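In this document, chain identifiers A, B, C and D correspond to the written order of the chains, with residue numbering beginning at 1 in each.
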Amino acid sequence: MPVLLGENNYGESRVRLLRVVHQQDLNDIRDLTLAIRFEGDFEKAQSGGDNRKILPADTMKNTVYALARQYPIEAIENFCSHLTEHFLTYNAQVSRVRIEAAESAWTRISRGSRPHGFAFTRAGEERRTARMTATREEVAVRAGIEGLIALKTAKVTFKGFLRDPYTTQEEDHNRVLSTVIGAEWLYGPGDLEFSPIWHGVRQVLLETFAEHGSHSLQHALYAMGEAVLSNFDSIREIHLALPEKRYDLVELQPLGMDNPGEIFQPFDEPQEVAEATLRKG
Amino acid sequence: MPVLLGENNYGESRVRLLRVVHQQDLNDIRDLTLAIRFEGDFEKAQSGGDNRKILPADTMKNTVYALARQYPIEAIENFCSHLTEHFLTYNAQVSRVRIEAAESAWTRISRGSRPHGFAFTRAGEERRTARMTATREEVAVRAGIEGLIALKTAKVTFKGFLRDPYTTQEEDHNRVLSTVIGAEWLYGPGDLEFSPIWHGVRQVLLETFAEHGSHSLQHALYAMGEAVLSNFDSIREIHLALPEKRYDLVELQPLGMDNPGEIFQPFDEPQEVAEATLRKG
Amino acid sequence: MPVLLGENNYGESRVRLLRVVHQQDLNDIRDLTLAIRFEGDFEKAQSGGDNRKILPADTMKNTVYALARQYPIEAIENFCSHLTEHFLTYNAQVSRVRIEAAESAWTRISRGSRPHGFAFTRAGEERRTARMTATREEVAVRAGIEGLIALKTAKVTFKGFLRDPYTTQEEDHNRVLSTVIGAEWLYGPGDLEFSPIWHGVRQVLLETFAEHGSHSLQHALYAMGEAVLSNFDSIREIHLALPEKRYDLVELQPLGMDNPGEIFQPFDEPQEVAEATLRKG
Amino acid sequence: MPVLLGENNYGESRVRLLRVVHQQDLNDIRDLTLAIRFEGDFEKAQSGGDNRKILPADTMKNTVYALARQYPIEAIENFCSHLTEHFLTYNAQVSRVRIEAAESAWTRISRGSRPHGFAFTRAGEERRTARMTATREEVAVRAGIEGLIALKTAKVTFKGFLRDPYTTQEEDHNRVLSTVIGAEWLYGPGDLEFSPIWHGVRQVLLETFAEHGSHSLQHALYAMGEAVLSNFDSIREIHLALPEKRYDLVELQPLGMDNPGEIFQPFDEPQEVAEATLRKG
């Protein structure tokens, strides 16, 4: 029986680095995690153990550190470009390089209203992401947001839904809606100012989440995606995943009390999820 | 600007259940976690907030419990079939149902050599998985393994690899190879005995991991996938992901000692990964 | 052989609640997690299975929700007081109640410079904690901080330390110092404004961390604790635990580059830790 | 205001090592994680930044690797002894050393009924622990178990408990009882065979958990502790912590079905906990 090698790749994940820029009175830091994958001419390595075309994953890690040393601090999308260009230039055996980068934000400690020059606190679990897929012919640049937890206490309903014999959910007019926003969008061609756009998209997502009168998680998702596509010429499509963080109104009648939308119990499981990709027509 | 709704789905994740079968002297348990996704005619719900075709995610959860009550304990692949059939039968608005199931094993406490009738310990973090994708025309059944941590202390080399100016890795003849085996395979058509096959695949993966003289992670992966395809007629393709759990030989020379392959330090980061799909020709 | 029952307790952990205050244009939320422990006359329950003095742990959870409904939103220390008073009043069999509370902060989404009325993002993994231990004779109130990750890129040295034959660490004059600040302090008696004090302590800890010229983790810890004791009359003692988040300068010489304190690799393991309690004399 | 330095310590946590013993046909491995803490004469280091009595935490890590190289593989309690003796011998400034060790088990891959010579799978999340506290005058040796998840489907009741106005829990005669066994016991003096005792204690804990007719979590805990003290002369006291992993019977009446103890939903939160220390009289 012949075995065919299908899609395959290898690489190095979870390459972490902290960059420090020492300026006179104001140091700056960047906290990055990267993953790199090579696709290419690796059949003999896989089937026969011939490593002559295998650049060690460890070298990918070294390359991240070396290029970080050579280039100034810049948007993660630009750093990903340097990496893909380097790898494609020096590795004829590689047909496609994929880079995923995630940046964790740090906030300067403040003293009165003055931000501190070299001391920081970690800003949370939210991460700015970039994903670049590059061949010698074309490059796709995606940016995104991971782990942005949002919650609203008004403008949420869920009613008029389909019922079957196993449906017990009640219509629910005064709910808490909370989710972990996961977004990734694809840029069109051209030179872009990635960082201002990223902050703009984040703001549009949050404002739409807050202001939209949501009839369902799917409804909120669509409004958020549509708002991003409408406001940013440079974005061609956006993928959103919204896992709900569920908050149930606690039943206080057995304890002799009412509960007019005040006391909620969070549940991590089970978890409703909505996912969709929206594109420009 | 018109917005097009692309791929989209919604559903319920992390639905957990424990089934208990009470028999005379021997209770039995099954520990399952499921995720369900619907694809279908949801455009009006997404863009306009019209919920008339939205079966609540909460009902999906109820359906899991209801069907678990109605059917005897069986292989998770069979339970997934009952669920997809139920959802497609009663939901005309749904074009495709995806079910992911994961089973955690429990081991009977033993007393002497006698297994206990109703007391168990959790067998570890390894999980048996199934993934079923069903439309009204066709069904794809996949099974898999998650979280199976394996390690070997011989028959591992990595040498003769490509070098560039950033390569510092040394050739390494006496290594520890450890990975978290992640496998998923696609079954061909026909009635199958899913549980014996699953245990057989697991055994072939582990034996091949153990016995293969691995020149690289990719090389080990290919051998493992090929062994499964060669041994199981009912399996058409297999996808393997092998993240390496790195163990570095501790440098003891500065402490005045040698280290002939005896003392290793594990590192979680960074992490080499190899991934591939193998198919029957 | 007689068996003596020593220290023992039982209770309910991880009781989570979200409180929502609906005001005209500005909703407010509080996100709490509590643990409750009872000590008391439980020997017969333990040794004989007599449950007549066992209030179910489930009732502790209900009581948290019931009291949250009855009292306005207030500092977590005050909410802990209501709980301990309730439990000691209605449970003669209980001699000591311990409550641990943790609050996660949420930040209002902003629109321009205007904070939003009912939409929030999670502020990070840092948590404000309180721990109250109450008998019918006395009450000890502690407050604290968990998970506050801080980092500085200057004013850090580690030199002149003890060496033995296994010491390989080099003196290190230009380091990054990062830690997860864990602090808990004991209040003296009297009515206190817990929330302003908490924010004040947090600020003093961060400013001292930032400004202190640290010769070691222990040295930084002592300065931070001393600054808190010096600035807050109401605090009698403070316990600090500082696990170091290690950042190693990447060796770039093998790659043909220098690294003047710019490119660091973080390591989660192993981890240096310093811990101490400081008291007023 | 004078500040007094109270209890304080420093050290290295999460020192991980894998030991490999290469024998002719049968390699053996041990997977350990250690934490080390020094108490002693460190006031000047803390308050003044004088590091002359500070052995770097990094040296503690090196010492673990060096001593692992020098001694044969043995019970973790014995390895802890070598470490405390080494540190107290060479560090006059240290008055007390604390070592915590945890061992993760690996199982040989089997081929037919034959265990493999050099390939293993990780046996789960359960860990064997040791904790040694040593001064120049005395040594306390504790051993323990972490993360041993157990579950039983019979011989569980909870009834006749105390009720107050907030009690809603129903008496419950046919429950699932599941917990994560956490145990730590203190050895008396004398040369002991630590490994056989550890396996014996684990077996007694599991058998008692299984066979005891438990009226409550506390009741089960006491029986388990008493059984250990009764069966092992060398053990003077035992501390047990049993967090309940809750399984609630799913309400199937709204779905038109009964549920005679068959379908359960697990909940991670909130979580009942019982804790106690039992001593020999």
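By definition in this document, contacts are C-beta pairs under 8 Å (C-beta built on N, C-alpha and C of every residue); 3 or more make two chains touch, one makes a residue touch a chain.
Remember, it's a predicted structure, so these values are computed and weren't measured experimentally.
Chemist: For the interfaces A-D and B-D, which has the higher count of C-beta pairs in contact?
Modeler: When B-D is set beside A-D, the one with more contacts is B-D.
Chemist: Compute the centre of every chain as the mean of its C-alpha atoms, then state which one is farthest from the centre of subunit B.
Modeler: C
Chemist: What whole-number Å value describes the gap between the mean CA coordinates of subunit B and subunit D?
Modeler: The mean C-alpha positions of subunit B and subunit D differ by 29 Å.
Chemist: Averaging only over C-alpha atoms, locate the centres of subunit A and subunit B and give their separation in whole Å.
Modeler: Distance between chain centres, rounded to whole Å: 24 Å.
Chemist: Just curious, how far off is subunit D from subunit A if you go by their C-alpha centres, in Å?
Modeler: Result: the chain centres lie 37 Å from each other.
Chemist: Which subunit C residues sit where two or more other chains touch them?
Modeler: Each of 16, 62, 66, 166, 168, 255, 268-269 in subunit C touches at least two other chains.
Chemist: Where on subunit B is subunit C touching in the complex?
Modeler: Going by the criterion above, the answer is residues 165-166, 168, 254-256, 267-269.
Chemist: Which subunit D residues qualify as touching subunit B in the complex?
Modeler: Those residues of subunit D that touch subunit B are 16-22, 27, 29, 62, 65-66, 68-70, 106, 109, 111, 116-126, 148-155, 176, 206-207, 209-211, 247, 250, 252, 255, 257, 259-266.
Chemist: Where on subunit A does subunit B make contact in their complex?
Modeler: 1-16, 37, 42, 45-59, 61-63, 66, 90-91, 93, 158-164, 166-169, 213-219, 221-222, 225-226, 229-230, 237, 243, 268-281
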